[in-house]
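In what follows, structures are represented as structure tokens.
Here chain A shows up in two complexes: once beside chain B, once beside chain C.
And then the complex of A and B:
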């Protein structure tokens, strides 16, 4: 039953939620709503398990004095500290948790992401070469879109923003739509495999 | 090929990346200190979103998704603020929610600050439902009832007791959903709230995500789109309130130009060295 029960749960839940889309019967609607509510509860519970897992894995590495153990200590102290502050003092405006979040984590994350601009510029300088026809088309397209999407593009040539919009609205759109449709077909196929019990990878089992 | 050209090719080929970092920093900071005032062009998709909000009657319900974390705040917070300014100015009811665990406090701060400018009150004119784990399942749960998905708001107040939620039960009771996102949540809102329940969906996204959402724009599944800092600057222009995004457009223009000049120099050196 250790293998069968999760598959039965997945198949039954999947079919009920799917049927709710097509068959407007109260009994199916009620069951579907219950399953959706259970999913929300399970999603929240997975955060607790995730937090415990991060704590346990890092604590074990610190005890073994693995490489980078001092960084793991920082992780553990921050994890325990923020969790403690949030649980004991709340997370609303005026709490210590919120102060640390707004004044330490928010600026640090924003800064880390902003630094990407510098690395992208450096990487573009070194890697963006017109080595062949395809690379040339890519580079010219990138230049048009980069300039067309900022005021400078319109100041250089009034047709540049329109050209940029055309590139985004036609060739790029066609490719994007192909990707979206392809991904949707793939997702549908995977979902069908799940609700007929063929796909078992999520249980760590062979097909 | 003379000696000067040869030395130039070598200098460009061996250019220290710290020089590139300094060049980008100067390109970003200088226009912020000394604005150039480049003319801003407005796009149809940004105009469409503004027009849709403008067409809503007073006290209509707008759901605003704060679907980004601090890493994308510099790019997405300006458009969020411009949209909130517009929503509160028009006296629309705002229901804010997020699919990102970190974003509840970020949304709360922006809502409270901008609502206060127009005398809008929490619980009456707006509510921050905060974060709920589950991603797409949460969107599906709201299709059943906001109250079952969000029994309490970000402050812990029962949702059912809030005047702003009066008569609002499912997606069908809202007039518009605007998702400001740096991930895939807009796709989920389009799929469920838009396609299944007929709720008009608008979006704000990072500049890198713009091509992805053009598909939804063309098919009419998105009623409007703000892309990156440019989109935010356009919205600031519509509401006649220039802010951070408008100021940042000169900096973004110069940064793009600096990158293109560097790439052009790299390619020139590449071709000259091949000829040699």
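And then the complex of A and C:
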């Protein structure tokens, strides 16, 4: 029950969904759609469980009076408040939930991400110093792409925007393509291992 | 005069930018507000967009009793919080993993491998096309670990590294530029939507 049944559930559910792709029979299609719909419900329930987990972890630390407990109280209040407002009061236009989303969450998220512009520049200065030829190529490409996207680049040298476009559209594209295909082949192999029951790491079992 | 929401957004923007000077208690408080609100946001969205229309309404109002199965499986997820019986959460997780493995298996092949391979099969008439074909193949050879990188494979893998470096540089450059766009957007908001109208209203 603890080990075998989860593997059987994974294999059976996986094969039903996969067979629906190769064998378009109504019975398999109905079964497959039902399982996919159930999985959608499971994924939503896992979000709720994740939120509860965040709440439980922070609550335990507040009770233990760990360092930064007052900040964890803030997390608890905001999590419970936002979830409660949304669940009880709705999430549509004109609700308190939507007001907080528009005027608190969106600006905070945008500003948090924009902070990275400053740190990414200082991190790059330390990481990408011209230590060897490959690091130099990386640095030069980054500089060309950055300058090629702003009017200053065109003012320095009129060919810079074209060079930037060519780098993005040819050598960079080729490497990205290699990365995508490589990652997809790896992911396909992992998915196959999962639905034949070879890969069991997701259950936290000891091999 | 800007409305209350603009004042809240503007003040939050300034508090978060205060981190550029140094870490401070106000920033840390707002950082934790962000964590809490984000987690609460997704819980409410999932509740209203998935759980209510796909589970609770059909089950309780329309009497689709087959939905007792996903409801029970969903409840099993919460056994993770129990001191005993946490292993029961493996059942819904196993179904979830199996279904998404099968869905992704099709998507990776149809959406990634085949279209990318098809786009790489181009006539080698231009320098650009030669670069694309050579770059893709050499990059792939760099990630081929079933054989030691010696001989022709070693040469190909080393060329692949150069293409990867160009790609990483380009990715870094575009990331920096997108972050700079966000900085400009925030600065524009503070000046033109918050402080500018507020000062104009005070005059």
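For the reader, a short list of remarks on this structure follows.
The definition used in the following text is that the second predicted complex is superposed on the first by the 199 of 207 C-alpha atoms of A that agree within 3 Å, B and C clash if a C-alpha of one lies under 4 Å from a C-alpha of the other, contacts with A are read in each partner's own complex, and residues count from 1 in each chain.
What we mean here is this: a residue touches a chain if its C-beta (ideal position, glycine included) is under 8 Å from a C-beta of that chain, and two chains touch if they have at least 3 such contacts.
The model shown is predicted, which means the values in this text are computed figures rather than measured ones.
Ranking chain B and chain C by residues of chain A touched puts C first. In the superposition on chain A, contact of A:105 is made with both chain B and chain C.
In the superposed model, A:13 lies in contact with chain C only, and not with chain B.
Of the two partner chains placed around the shared chain by superposition, chain C is the only one that A:134 touches, whereas chain B remains out of contact. In the superposed model, A:152 makes contact with chain B only, not with chain C. Of the two partner chains placed by superposition, chain B and chain C are both touched by A:168. Residue contacts after overlaying the shared chain place A:59 against neither chain B nor chain C.
With both structures placed on the common chain, the touch criterion links A:191 to chain C but leaves chain B unconnected.
Once the two complexes are overlaid on the shared chain, A:33 sits against chain B while remaining clear of chain C. Using the contact criterion defined above for the overlaid structures, shared-chain residue A:202 touches chain C, although it does not reach chain B. 17, 21, 36-37, 39-40, 43-44, 46-47, 91, 101-102, 105-110, 112-114, 117-118, 120-121, 124, 128, 139, 143, 146, 149-150, 168-169, 172-173, 176-177, 180 are the residues of chain A that lie in the contact sets of both chain B and chain C, per the superposition on chain A.
Remark: chain C residues 4-6, 8-10, 12-13, 16-17, 19-20, 28-51, 54-55, 66-67, 69-71, 73-74, 77-78, 80-81, 87, 90-106, 108-109, 112-113, 116-117, 119-120, 128, 131-140, 142-143, 160-177, 179-180, 182-183, 185-186, 189 touch chain A in the complex. Residues 17, 21, 33, 36-37, 39-40, 43-44, 46-47, 91-93, 98, 101-102, 105-110, 112-114, 117-118, 120-122, 124-126, 128-130, 139, 143, 146-147, 149-155, 161, 165, 168-169, 172-173, 176-177, 180 of chain A are the ones that touch chain B when the two sit in their complex. Note for the complex: chain B touches chain A at residues 15, 17, 20-21, 23-25, 28, 38-41, 43, 69-74, 101-102, 104-106, 108-109, 112, 132-135, 137-138, 140-141, 144, 148-149, 154-156, 196, 207, 210-212, 214-215, 218, 227-228, 230, 249-250, 252-260, 262-263, 265-267, 270-271.
Every residue of chain A that touches chain C in the complex is listed here, in rising order: 2, 5-7, 9-18, 21, 34-54, 56, 68, 71-72, 74-87, 90-91, 97, 99-118, 120-121, 124, 128, 134-135, 137-146, 149-150, 166-185, 187-188, 190-192, 194-195, 202-204.
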